[in-house]
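When the chains are written out, they are named A, B, C, D and E in that same order, and each has its own residue count from 1.
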Amino acid sequence: MINPVFMIAIPLILAFLSLVAARIKKWLLLSGVLINIAILFFLEKGETVIGGFKPPFGINLILDNYSMVGLALAGLLLLAGVVLSLDKADKYSTVLLTALAGINGMLLTGDLFNLFIFMEITIISAYILSTAGKKPEYSFNYLVIGSIGSVFYLAGLVVFYSLTGTLNMADLAAQNLSMGTPELLVPLFLIFTAFAIEAKLIPFGGWVKGVYGNSNRLTGALFASVYASTVLFVFGRVFNEVFALSGAVQTIIVLIGVVTFAFGEAAAFRQVKMRRILLYSSIGQSGLAAALFALGLIFPAVLLVISNAVSKFIMFSITGKLREIYKTDDYTDLKGVFFSNKLTGIAFSISAMSLIGLPLFFGFYAKLNALTALFNGGNWFIPAVILLFAIVEGAYFIRLLIALWAPGKEGEIADKSHAVGEIRIFNIKKSILVFILSLVILAAGLIPDLAGKLISSDSGFMGGDGPAFTMSQLKGGE
Amino acid sequence: MMELFNILEVGISVLLIFFALAAVLSKKLLTGIVFLSVLSMAAVAAFALLSAPDVAVTEAVIGSGLVTFIFVASIRGLRKAGDGS
Amino acid sequence: MKKVFTAALVILFGVVLLFGLSKSIDIAGYGDGLIPGKAADAYINKNVTSGTGEIIFGETKNAETGSANMVTSVIANYRSFDTLGEVTVLFLAAVGVSLIMGKNSKEGKMKKSGFILRTSAGIIFPVMLITGIYIFTHGHLTPGGGFPGGSMIASSFLLLYLADENFKLKITGFKVAEGLAGTLYVMVGAVGLIIGGYFLINFLPTGVVGDLFSAGIIPVIYVLIGLKVGSEITGIVRDMHKEEVSV
Amino acid sequence: MNLTIILAVTVVLAVVSFFITRLNKKAGGFLTVIASLFAFVGLFLLKGSIGGEFSIFYFSFKITMVGWYFALIMVLAYSMTSFFNPFWMDKMMYPGSYNFMYLLSMAGTIGMFFAKDFITLFIFWETVVWSSTFIIQLGKSRKASYVYYVVSAIGSMATLFAIMMAYSVSGTFVISEAFAGLSGGAAIAVFFTFILSGLAKIGIFPFHVWLPAAHGNAPHTFSPVLSGGLVKMGAFIAFLSVTAFPAYEIFSGMFKVMGTPFPIYFLMALGAISIIVGTLMAIKQEDAKKLLAYSSVANGGYILIGILMLDQVGFAGGMMHLVNHAVASAAAFLAIAAVAYRTGTTKMSEMGGMIHRMPVTYIVYLVAIISMAGIPPMGGFVSKWLIFQGLADKGMLFLAAAAFFGSIGSFMYVFRPLSAVFLGQTFTRDLKKKEVGFFMMLPMLILTALSILAGVFPNTILRVITEIQASVGISPVTLAENTIVTVNGYLDAFRVFIVFGFGFTIAFVIFIVRRKSKKVELMDTYTSAEFIHTRELLHYSSKFYAPFERLYDKAPDTMKLYKKIAVKIGELGNLTESLFYGHKPEKTVFWVMITGIFVVIIGGVV
Amino acid sequence: MIRLASLLLILIGLYGIFSSRNVIKILIGVNVMELGVNIFIISVGFFKGGIAPILTADSFSSAMKFVDPLAQAMVLTSIVIGLGITALGLVFARKIHAQYDTYDLGAIGGGKDD
């Protein structure tokens, strides 16, 4: 069994070394992400104490089921991203390795200040990656907003520290502070702001459009999948295990999440640029996941995060590559582009349909779980909003798919002569990689119970409940 | 002892706020940076007052030294472009 | 009009926020003391793993951490993991700066500096260097430590760099120092894991509180931090000092 | 026969056909014929195992009479249409995907009708929706496919909401038990949201917009399935919303119109409006397929009214109209497809006199429209008669008037393509065109025969319907030997057939005997030195009912409503974009402060 | 008193970011905020009469009243992170200047996506 601290230590060493041995940094990066996945299977679960100082005094890492899922998701998608865009990743090898350490640290740590540091590492790596878009004003905007978030986080954290004298998550949770009371509202809001900024919640995520909208196939894919899912995973832990929300605060956060979902989907609806469509859809999904987390519906939220991360990874990768080839990501200029790229096209379509929540794909299971859990909690308003804007979401994604698949004038049958170009989007190996990733969505959608079990692995998350809905309950009636 | 502390406390608070406002409100960039540096020195005083010598030393070296330096290094040679205000 | 509006909004936000915050903590005064039994209290009494009773300067031997400077004991021992992350942040920033400034820029052109500056730099440089080294090697005894020490080293090199146009900073040298220091930091942690069973454990014996060699791995870590921070900051400043070539 | 085998074979063949099509297009097309015929025969044999419950995978199924009835109609439409597939493969952009989606959507419909629980139903339903969306895009309009998806999504999301809401009360998804325990406002909400997907699929006003778009522009080989088959999925939902959701019981305490609880009457009124709208719009159309699409809207209204009545006579009429309309509209669409196969167009003004070139297709079309218009001796007459009887019975005057109007109107619109496409003079261009081959003719002839048989021996179908009626606990329609007995009278379909057959024979003899009329070239028009720019305007079928159309020229377009909503959503999106996003940090700082003030105030601190 | 000043510093920094479109000034605002929060943290760890947390010949025993060393350690970390962020921000600022020849975000005017 391997100590989870190596999830952080190994990428860090490799990152430091990549500075010394700049020539092989590409290979260091590759080996880093590969080792990261490899040791994932041998990690010992439970609590790891750093430096021999027992918590709550020292720093500890917590590897439970929840962090395991987060680590696996982020690690696998990072690996896929690096493999898929190794040419682009080369330049950012050191940054990506450091980011891997930061992401793993964020997911593992059991200490709120340590979380702050790993969050800074992760975010700073995101600032640096965002410069790949060659729009420094957006990177700058991101940096400033992110710094405000950091300052707010520290301020909020210190208030809690002064009240409890501890920075340890479990210890803080054990204090049983009642989070619904006005006494803790402001520090809680400060901490929430920091997460809301990173989790792209409206109105905090003002940086998203510029950064995502100018991403390339590496950074876009990583931002929307690895970074987004990590932040949401941590959001879920912090606002369930550490600051168990209740009362007015909970209502406000849920409201912000739902508004984000609705506004994000509405904003995506009118876009013609694919990256914009995807980025607003990411915002929407983030809002929904945040709302579910805030309501304590961890399992559906995790499903949603996973399904969204994998889908967005595939779609951003393809979109980024399309933009490289055709110098545009306006889908009205890319009509029928999948005609000569069927494998890639199918991968894209499966991802999109999973995002919409169409059956036979993983997203449907996630959506169904969310709805069941919400209704079980006696909540019908949020499901109504979800379903209403699922129509909008379906509308723009289906419109996108139709355009990318079937070219042709109105009034004439779809014809390949109207298709734009016959350039291969990905070479055959990469197409197969992307396709296999999409098959994961399909397979997980076809056998959702197994996938759900794999994710929640019997014990569920943070002592909470597992799936609110399983397909097997159909057979037995209950 | 206690009274001295109170006087210093008020004095430093006033200085902090004054220099912060000066740094943020100054029209010229260089003035702003200089005020930021001075503000940092005031913060060093505050840290020293609040029994934090480690932080004070660090802030003195990093906050008022290095940060000021990289600020100035950044805008050096660009002031001629007339972005001063 | 716009200024009034912005100021009014910030003031409104401030009033509301401070009012709300005043319900959580006293926003004007100070606390009454440390919460007994909690982290800070344990760090002061050095009784996180086992209680050794009162720690007396110059007397107590073999405490769990031998640093007389408690902040240092927190930074380099109790929460050394945080510090590792912090060094990484700076490392990342340095990498980012050089990545972004990398292209389309050249070394800043210096005016030939005067004789006095060059001479004085030659005198000040060793003084600053030694001060810096002193600061981080004595970080467990006196205020300061790796960060100011490292910065001091960086400043000394910068001084030389500014004063002497013939002095070219060997980038690779600094990068090697930066990378190796970081790697060694993690290695020290890993060695701790092998020897003591915990990552970053203080596996060297601690001496009498207050002695130079009393803090176990703390000086080792602080030296590494000092070197790393020093080379990182030097790198940052050097990169910042480049001039943009208009595109 | 076993449902598992049917579903498995269909799905496997769907995948196989995808790959076979890549090797040989025609072979892939023939495979769809084999697969759908197999499914049809298999389903037919399934009747023996009605009542059986089992599960495949995690899906649970229950073979019910009504499910069997619906599935058979559906697969009939699929299998008959599939005969056309091999001949259209060259025109498809994605023949492999077409065949795959074709069979996948068929499997979806089968699974949906036999679902025991709502999740199974929903999964299969949505599968049909997305797979057919991808088929429709291959046709003449991308927009049509989009409209189809959006309207379907409105329906299915609403239905999912209803399912979930019902589940939160009853704790089960099983169709027969899921709605237990609902009452009051929740019951009304569930009822209306649940039936929404049905309304959307049948094409009830105001959800009818997708029919002309999708039917009119889908590939010619899919329009018959859409109109003859997929629309009937909506009828199934309507059926469930009065049986599984016992609307009459739950709403029994509510305000009633003509003995019918208001929510149900409201939906029936929507059905009546669809009849009127569908009829009026059909009269206007220039495109034969769009015309038939609007006629499907009108016929959907009949079906909805019939099923919602849930009584002895009207319900039987509604259920029977399912078959009659499926058969007739599939045949009509196939006939148009056959013509389009030869001429390459569906615009009525570009055709004429096809009766000389394609006489069999003409007969097929003639029988189909007679049935659709509800004229004896075809099946459509019997079902419409039953619906009339049911409405008259309850004294629902408005609905009856609408239904009557629809019947009269249908004379007008069905005659138009008949005369424009088939009668008159043949275009010179089309003079060399031949009748379609036997393989394509076969399904059309089968459908025609079924249409006539349904009119002559309606009791064969009605006997199945009586079993359905018995299974949902209403008194079955009274059937005697060859006659249908109602309170107001009886109908002997065979006798009607004899009478009409006799009249038809006399007319035919006169037609043969009398002198041949003189033939004039269709566009052979003399003008006084004017140059004719738009020749097709001179085609006698253009502006066929111009004086009548002028009466409702200004009628609002429902599509505009949807566009307005889309614009509103876009505006919300615009607002979001401009309010929150940009490159200046001040925007976010502003919102952080505003939210902070808001949160602190709402949170009860101030 | 200093605690209140530090909170005000955060607000002043926020005002600096909010009211200015000059990237350097925005960064100055960010720095003021960071300073504010640093002082705030120290002030939280401080109590009246507390002595600096270093054992020396004068303050020789752990039983004496030391102020919170943890808060100070956090601030040390925060200062260094602040330096990193400032450096990166300045590099972005320079990139903006190189690309648009101005420090004024208002003059960039939306910055169309490529």
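In this text, a contact is a pair of C-beta atoms (placed from the backbone, for glycine too) under 8 Å apart; a residue touches a chain by one contact, two chains touch by 3 or more.
Keep in mind that what you see is a predicted model, and the values were worked out from it rather than measured.
Undergrad: Quick one: which chains contact chain B and chain D both?
TA: Common neighbours, chain B/chain D: C, E.
Undergrad: Closest chain to the overall C-alpha centroid, by per-chain C-alpha centroid: which is it?
TA: Centre-most chain by C-alpha means: A.
Undergrad: Using the touch rule from the top, work out which pair, C-D or B-C, shares more C-beta pairs.
TA: B-C
Undergrad: Calculate how many whole Å lie between the centre of chain D and the centre of chain E, each centre taken as the average of the chain's C-alpha atoms.
TA: 67
Undergrad: Between chain A and chain C, what is the gap in Å from one C-alpha centre to the other?
TA: 32
Undergrad: Distance from the CA centroid of chain A to that of chain E, rounded to the nearest Å?
TA: Here chain A and chain E have centroids separated by 29 Å.
Undergrad: Once you find the CA centre of chain A and the CA centre of chain D, what distance in Å lies between them?
TA: That pair's centroid distance is 42 Å.
Undergrad: Which residues of chain E are in contact with two or more other chains?
TA: Within chain E, the residues that touch at least two other chains are 1, 4, 8, 13-15, 17-20, 26-27, 36, 43-46, 48, 50, 52-54, 70-72, 76-77, 79-81, 83-85, 87-88, 90, 92-95, 97, 99, 105, 108, 111.
Undergrad: Where in chain A do residues touch two or more other chains at once?
TA: 113, 117, 120, 124, 127-128, 131, 135, 137-138, 140, 144, 148, 159, 162, 167, 182, 185-186, 189, 210 - these are the residues of chain A that touch more than one other chain.
Undergrad: Residues of chain B that touch two or more other chains: which are they?
TA: 52-55, 58, 62, 66, 70, 74
Undergrad: Output every touching chain pair, sorted by label.
TA: Here the touching chain pairs work out to A-C, A-D, A-E, B-C, B-E, C-D, C-E, D-E.
Undergrad: Which stretch or stretches of chain D touch chain E in the complex?
TA: Interface residues on chain D, with respect to chain E: 582-586, 589-590, 593.
Undergrad: Any idea which chain A residues touch chain C in the complex?
TA: These residues of chain A touch chain C: 3, 5, 9, 12-13, 15-20, 22, 48-54, 56-59, 91-92, 94-95, 98, 101-102, 105, 113-114, 117-118, 120-121, 124-125, 127-128, 131, 159, 162-168, 182-187, 189.
Undergrad: Could you list, by residue number, the parts of chain C that touch chain A in their complex?
TA: Going by the criterion above, the answer is residues 17, 20-21, 23-25, 31, 34-35, 38-43, 48-49, 64, 77-82, 84-86, 88-89, 91-93, 95-96, 99-100, 175-176, 178-183, 186-187, 189-190, 192-193, 196-202.
Undergrad: Under the touch definition given earlier, write down the residues of chain D that touch chain C in their complex.
TA: Touch residues, chain D against chain C: 590, 593-594, 596-597, 600-601, 603, 605-606.
Undergrad: Taking the touch rule as given, give the residues of chain E at its contact with chain B in the complex, in rising order.
TA: 1-2, 4-6, 8-9, 12-13, 15-16, 19-20, 22, 24-25, 27-29, 31-32, 35-36, 38-39, 42-43, 45-46, 48, 50-54, 67, 72, 75-76, 79-80, 82-83, 86-87, 90, 93-94, 97, 101-104
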